[in-house]
Every structure is written in structure tokens, then in C-alpha cells.
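Here's the structure we're looking at; comments come further down.
We call the chains A, B, C and D, going by the order they appear; numbering starts again at 1 in every chain.
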Amino acid sequence: MSKDSLTELNARLKAFAVARDWEQFHSPKNLAMALSGECGELLEHFQWLTEQQSFEISAQKKQEVAHEMADILIYLLRLSDRLDVDLVNAVYSKMAINEKRYPAEKVKGDARRASEYED
Amino acid sequence: MSKDSLTELNARLKAFAVARDWEQFHSPKNLAMALSGECGELLEHFQWLTEQQSFEISAQKKQEVAHEMADILIYLLRLSDRLDVDLVNAVYSKMAINEKRYPAEKVKGDARRASEYED
Amino acid sequence: MSKDSLTELNARLKAFAVARDWEQFHSPKNLAMALSGECGELLEHFQWLTEQQSFEISAQKKQEVAHEMADILIYLLRLSDRLDVDLVNAVYSKMAINEKRYPAEKVKGDARRASEYED
Amino acid sequence: MSKDSLTELNARLKAFAVARDWEQFHSPKNLAMALSGECGELLEHFQWLTEQQSFEISAQKKQEVAHEMADILIYLLRLSDRLDVDLVNAVYSKMAINEKRYPAEKVKGDARRASEYED
């Protein structure tokens, strides 16, 4: 199994939680909250930057951002484990939906929300 | 490359965005916002449920939750691509930090926030 | 004007931003991000607590939570100022909508999402 | 009591919840989640807009944004009620802290995060 496999990451994260007797706190409700909390921390890194500046962050800030992103993936994988959701299948399924909702020739260069296309 | 590889998913998502000329919207700042927006949708599924009920959602709701989770991973991978962050490395690096911050014997069964352990 | 007037708070917050030449950062987009960032911090206080424990937080934690809530109101008022939205009118308007969508006799004791009532 | 009084809004929102027997769902934990969910909806309105565009939204979009903002204030007031937090006092207290942390002459035109000033 390759190192970038979600299955492998998932197994390691579960073992970490089990070793600490933390699964009792890892209800889907709580994990969804923890995931959102980490997203809030991610936002704080970018909130006062211009879009251009958000590409040009310092090496230190990039490291901090990478760790916030890691936290998000960690909670997302924990949630998939606790709900028994196959996250990879879900992504491929959602990508198929998106291919239909947003045909390249129709939405090219236009990022309005899906609901706005239906108006 | 296995299907659950983040590298593979990443490449597909990038191709999807490029085909729609959507990379112009995919600044780190905007992607962090989109990621948080999806987390908000995830929260809404769980906000009035008890923790126990959050495990016992219907098949339909579980499908909806799986798709919100897919959206979160999609934007997280897009962000890693745009910032040139190696997400898998970031997770392993964060896990190493967490192993040190939360030794199993010290935090067993206790999920207080890290800052609270330092009091 | 009473001290708990939103108009009064709004004026003070605007003066604070102007004195620091911070209005240049206070675009609606950026303020929406800052607001969400503060909500993330609020979530972190409650994520591992049971609902019952979330009522019974310590005086110190309550003070921290109160300050996160203050930050949320601060950014919400800044946003209303920058977008020229009458927040009080918006609340009364939304309350009127909610009165119609959720007639007391129909939804008593049931907190499902609005969309689920329409199924 | 003036119409823009938070005390008055608070009383009306409480009556609305009580009439529906919804206080049973309004734990601080759940209300923090609902608040964040609404912030996520707010973000979605702005995520693909430039900062300039976020000032220039259409009347219809502005109405939708105003209602998301109303939802945020509604849940924030409900939370203050359930936790017995004096939100107005909290804002004045937080403003006093901010006056000290960010002296106008020091931070003029600079919006870095507080922690970054301490470096």
C-alpha cells in the first residue's frame, strides 16, 4: 500500500485514537465540529490577505497552513471511519455529479454557484 | 497507482478545474472559504442531533453527508495543489507532533484541548 | 440611545476601524471570513463536551466563550456597515419568515431542517 | 425600549423557541454548531467574488446575505441566553482589550494577526 493511500492514513489515525481511548469522543457530531474548528483556523491565515498575497505566503506561514490542512484531513478521515463512509468512492461519485452539473463548455470561466445556473 | 491515492485524485481534480478555466478562481484564499462553506453544510446535518443519533443517520442522509465530505476533500486537495503543499507529508508530520503532545499514557480518556494540558 | 443598541455599537466599531485605517481590509468578503474564523474558535470550546457539559462550563471558559461571541458580533456589525444592511430589520424580517415556515402547532418539539418538512 | 435593542430581540427569540418547545435542542453546543452552519452559508455567497465584487452584489443577493446575517445574530442571541452571557457587556469588554492590543498609532494600516505582532 502506498504511503499516500487514504486507507493507510485512516488505519493509523484510528490506532492513534484507540490508544488514547478517544473514540468515545469521536461521534460524527463532534468530529464535524472539530473539522469546522480547524477550517476556522485555516481561514484566519488568509482573511486579511488579497488573493494574490494568499499565493505568496512565507515559508513559516505555509508550514502552519499545511498543519491546519493536515488537521482537516485527519478529522475528515476519522469521520469517514466513524460513519463507515467510503470517502474515495464519495469523491468519485461527487466528481461524476459535478461533470454533469457543470459541463465544461457551459461553465467555462464562470464560477457562479450551481443554484444560480438554474435561474 | 491505487484508486485511493491522493495524488491520483489531485490530478483529476486539477484537470476538472483547468477544463473549465476555473483555476483563476482557485486562489488559496477562495479555496479556504469554499472549504469552510462545505464544512458549514456538514454541520447542518448534525446540529440538532444527539451524538448517538449522529451515528444512526438514515441511508439518504448518509449519502448527503458523504457528498459534503467529498466536497471538503475536493477543496482541500485543490488548496494543496495551489499552495504546493504535500498534504500526505503534512499529515504524517502532524501525527508525529500529536504523538509527542498527547502521549497515550498521559491523555488516556481525556480530550481536553492541548492548551488546557499546559495550564 | 441605550447601551445595548446595535446602532451605538456599530458606530463605535466603525470609529475603531477608521482610527486604525483598517477599513481597507474590511471588504464584505474578508469580514465574512473573519466572522467564520471566530465561529471556528467558538466551536473548539464545545467540540468534545456533551450537550449537558456545554451548559456547565467553568467561569473562565465562559469568559473566553463570551469574548469569542463578542468577536462574532463585532464582525457581523462591521459587515452590516460595509454592506449597508440594516441588521435589525433583517432579523425582524427573518423572524416573520420563520413564523410562517415553522408554525408552532406544526413543529412543536421537532427541530428537523426546513427542507425536511417539505418532503 | 428601542427596536434595535438586543434585549428586546433576545426576548422575542426566546419566546419563539419556547412556543415551539425548541429549547430542548438549544444547548450551547448545538447553537454554536448552528451559528457556524449559517456562517458557512454566508461564506458561500462571497467565495468566488473579488473583494471589490463583494461590495457590489445585486439587490437580490444582498437580501439573501442580510437573511444569513440575521440567522447568525439569531443563534448568537440564543446562545447568549442559554449561557447567560451578557453579549453587550462582552463586546464592550472585548473592545477595551482590542484598544490596548492594537494601539492606533502602532497598527495603523496593518491588519496582521495579534499573535504576529508579538513576534
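Throughout what follows, a residue touches a chain if its C-beta (ideal position, glycine included) is under 8 Å from a C-beta of that chain, and two chains touch if they have at least 3 such contacts.
Here the structure is a predicted model, which means the values were calculated and not measured.
S.K.: Counting C-beta pairs in contact, which chain pair has more, B-C or C-D?
M.R.: If we tally the contacting C-beta pairs, C-D comes out ahead.
S.K.: Compare the two sides of the chain A and chain D interface and say whether they are made mostly of the same residue numbers, over half shared, or of different ones.
M.R.: same
S.K.: Would you kindly tell me how far, in whole Å, the mean C-alpha position of chain D lies from that of chain C?
M.R.: That gives a centre separation of 2 Å.
S.K.: Find the geometric centre of each of chain B and chain C from their Cα atoms only, then give the gap between the two centres in Å, rounded to an integer.
M.R.: 25
S.K.: Which chain D residues sit where two or more other chains touch them?
M.R.: Where chain D meets two or more other chains at a single residue, that happens at 25, 29-30, 32-33, 36, 39-40, 43-44, 46, 48, 50-51, 111.
S.K.: Quick check: in the complex, which residue numbers of chain D touch chain B?
M.R.: Within the complex, chain D touches chain B at residues 25, 30, 33-34, 36-41, 43-44, 46-48.
S.K.: Spell out the part of chain A that touches chain D in their complex, as residue ranges.
M.R.: 29, 32-33, 36, 40, 44, 48, 50-51, 111-113
S.K.: Over in the complex, which chain C residues touch chain D? Could you list them?
M.R.: 1-7, 9, 12-13, 16, 19-22, 24-25, 27-30, 32-33, 35-36, 39-40, 42-43, 45-46, 49-52, 54-55, 57, 62, 65-67, 69-74, 76, 79-80, 82-83, 85-95, 97-99, 102, 104, 107-109, 111
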